[in-house]
Amino acid sequence: MKKRLYNIISSPNNPSKASKIFDIIIIVLIVINVLTAILDTFKIPQWLMSVSSYIELISVIIFTVEYLMRVYVSDIERPNMPPVLARLHYMASFMAVIDLLAILPFYIPFIITIDLRVLRILRIFRLLRILKLNRYTSALNSLGEVFRRKKHQLITSVGIVVLLMIISSVLMYNVENEAQPEVFDNALTSLWWTVETLTTVGYGDIVPVTAVGKLLSTVISLLGIGLVAVPTGIISAGFSEIIAEKREHDNDNEKVYCPYCGKKIK
Amino acid sequence: MKKRLYNIISSPNNPSKASKIFDIIIIVLIVINVLTAILDTFKIPQWLMSVSSYIELISVIIFTVEYLMRVYVSDIERPNMPPVLARLHYMASFMAVIDLLAILPFYIPFIITIDLRVLRILRIFRLLRILKLNRYTSALNSLGEVFRRKKHQLITSVGIVVLLMIISSVLMYNVENEAQPEVFDNALTSLWWTVETLTTVGYGDIVPVTAVGKLLSTVISLLGIGLVAVPTGIISAGFSEIIAEKREHDNDNEKVYCPYCGKKIK
Amino acid sequence: MKKRLYNIISSPNNPSKASKIFDIIIIVLIVINVLTAILDTFKIPQWLMSVSSYIELISVIIFTVEYLMRVYVSDIERPNMPPVLARLHYMASFMAVIDLLAILPFYIPFIITIDLRVLRILRIFRLLRILKLNRYTSALNSLGEVFRRKKHQLITSVGIVVLLMIISSVLMYNVENEAQPEVFDNALTSLWWTVETLTTVGYGDIVPVTAVGKLLSTVISLLGIGLVAVPTGIISAGFSEIIAEKREHDNDNEKVYCPYCGKKIK
Amino acid sequence: MKKRLYNIISSPNNPSKASKIFDIIIIVLIVINVLTAILDTFKIPQWLMSVSSYIELISVIIFTVEYLMRVYVSDIERPNMPPVLARLHYMASFMAVIDLLAILPFYIPFIITIDLRVLRILRIFRLLRILKLNRYTSALNSLGEVFRRKKHQLITSVGIVVLLMIISSVLMYNVENEAQPEVFDNALTSLWWTVETLTTVGYGDIVPVTAVGKLLSTVISLLGIGLVAVPTGIISAGFSEIIAEKREHDNDNEKVYCPYCGKKIK
């Protein structure tokens, strides 16, 4: 019974018909939820709003039942552990946390009065679990592999960027505040300006007007070019590295024999 | 007769004089059409407008005849198929669809009253077929090869971007709507803001004003950097891969001797 | 006499003292000229304007004499040619054209009344010739080498971008003109918008307001990401290629002998 | 005594407990200083301002004592030099200059009346010295290694960008000044516009309106793409190079046997 439930829910490599139907229901439900979340941002008539609320209610019930079932059967995957520990292990996994985050916002207002229902948009992430399209999963893995390998280098460059942002914010406030006290009114505002400039978004809601401010802005914009160049270089080298290793590995596995004397050369 | 028509139209590797003249006429006609489409956007006197209409009429007639001829002779390329099937095969090819799209908008208003004549600008794509400049075709092919190889990785990163865009739109609407109900008026408007920000275009027509909105915007802008870095890394690795394979292939052509018996192996 | 003049002007590998002094004079003169061109854009008193005019007059005289001398001695470099042909060859070289462009704008107003004096800012390019700092020349060469190798691929991607720009301009005009007839008033204005968007500059002086326009703009901005990614990938692969070839070449030149039996292995 | 002080301050590879406590105190002090510098940009009540001043005073005293101690013990690192020379050597090192810059702004107003206290934000750089997280230091080193190797190429591309900026500024002033005398009022303003455009920030505070200006702007924006592509390509190739060398080095460590006599060569 529990084994069968597990097979339906966890959709293994060769899924049964029941498993496929279950997946499709969940996918349709997620898509409906995302569309509802988008629809709720428009001015909609009262009756549509009630429909939206009912959909939300039903969805949360289904997702909650699904979540509990997943936790319940999760001990099958770790047969060597005591069931409670196995389930706690599962609950701490990335995908289970996403699943929980997708239903929790509904229950929070019953406890404290903060409305976090907007977080249900995170349900869209659940698609990643169910959409196990083989080719794309492999692509996603090699993307993840690059990030994992270059983690330290990427974090280091982000760290340097954060240091630069703080310095730039405080300097820029001190340079521009006198000329535009309303625009550069504190370090947070000029941090916002720094973000806009370093990422080259440049909305134009905050623009330096003093000569020193423009000079500083020039330096920051040029560093912004580096902000793109460095991670791109790291990621690009990461992809090349993986490809090169694969090719080397393929070459190493080829054994070469001399066709005349039969001895192994490689 | 049909064979000769095929030789003229399809401009093979060593084209005849008639084939070259045919190509030049079509190229000139396309360029005139593009210039007319551009000219039509200016405030032009009545007589020039009529000239433009006549050019359109004549062009469509020529392009239609050309299209029908191409379809007619296309069975030569697939001698093993029955002619009708061969022609349907041709009609489904990328270039034939472009050719059809370039004339169809003219005929649609006769059937339904939607004016799609603006689509005739797509005729410019037809240049790609005729301009078979050898060196550039090879460059175009290696560009296409990179995209083909890295298709799954590129689609995966676009997919992740689309998920992020939907999440960002809904969150941003909920964060900013109260402060700027006129600016962030629904999820589509905030999707537009998300696009502007992720691609670092940043027109500045929609700008977050709340602290939470600016924080979210910071995260999205920094992800925008990744939006550039990841595909650049993928494409860059793709180009390097092609070059490395070519070099390896060149190395394989080098002569190798067996170190034991001294005979030539490769 | 002519040989000595040549040695002074063309600053060979081991320059004489006279040659060094000559170079310094020219460099100082170019820097003064650039500073004058910048100064002329400010509101300056009458007397400073006259000084600027005198500097211009003197500079043009010196640069003209220098140019004539360079042409005169240029036949030394091509001893196998008749002198006139050798000089014409020299005059057609990239650097000689820059030199001519740097003085010509001064003489044009005597013939026709177009004021092209602003072009004298091009004199700054002349620094590239004289500043033969060894290390940087080598870096400049490897930069040039990458562009030369990848010329066809880079031109192809620029060509595709130009096609996209024309299509986008005409489509965008037709989509937005009705809603904003003053803003998108013809295809050139919407070409300007396309440039802003594809390059992700996004000044915000022209922004689409219709839903279709925003959708089209989304597609164009995302293609703008590709506009960065593709040439970056090409250039990056080019640099990697040069480095890999250099390393391979170094490896190939190493001969390896067995230290025990003395036979050559590689 | 001095040896012990050195061990506490310079936090060697296996730091003592005293050394760790010293580091934590300094880190906490730096973080407090940075927070104070940010806080000072907000409108804060009088009493908080005094607190901030006291923190500044105490910090400067501690940092000054720390700096003097570091200089005092620095001769231990260079036992072969006379102590005074060793200390001067230390004072000229990058990290010691940062340390000095972090306290100097406090003392300058006693001598001349320029308020440079804003420079105390540079204290944040001091974190780089103390935060010796092993993994990230290695990532930082490989980042630095790439910049060191590609120094000449990066400087060359920056040099070309600077030349282009000057040319663009003067040309743009001359093209746009007549149409918008208030906006493009001198070469510095149009230099500011050039920076905005080349780096694709595009605030939109200065926008060309003439046809020639827009054409020039198109060219500059497209060069801006190159401004990203070239350094990214250089840095990316640099990372790939380092990885390739490492792999080659690993391969060199593999054992190789002479195919003639069978003895191990490597």
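So that you can tell them apart, the chains are marked A, B, C and D in the order they are listed, and the count of residues begins at 1 in each.
Going forward, contacts are C-beta pairs under 8 Å (C-beta built on N, C-alpha and C of every residue); 3 or more make two chains touch, one makes a residue touch a chain.
These numbers were taken from a predicted model, which means no experiment stands behind them.
Residue contact pairs shared with C-D exceed half only for one pair among B-D, A-D or A-C, and that pair is A-D.
Over half of the residue numbers found at the chain B and chain D interface occur in both copies, marking it as a same-residue contact. If each chain is reduced to the centroid of its CA atoms, chain B and chain D end up 42 Å from each other. Chain B has its Cα centroid 30 Å from the Cα centroid of chain A. Note: centroid distance chain B to chain C, computed from Cα atoms, is 30 Å. Each of residues 196, 200-204, 228, 232-233, 236, 240, 244, 259-260 in chain B touches at least two other chains. Of all residues in chain D, those touching chain A in their complex are 34, 37-38, 41-43, 118, 121-122, 124-125, 127-128, 135-136, 138-140, 142-143, 146, 188, 192, 195-196, 199-205, 227-228, 231-232, 235-236, 238-240, 243-244, 247.
Of all the residues in chain B, the ones that touch chain D in their complex are 200-204, 232-233, 236, 240, 259-260.
By the touch criterion stated above, chain D contacts chain C in their complex at residues 152-153, 155-157, 159, 163, 166-167, 169-171, 173-174, 177, 186-187, 190, 196-197, 200-204, 207, 211, 214, 217-218, 221-222, 224-226, 228-230, 232-234, 236-237, 240-241, 244, 248, 258-261, 263, 265.
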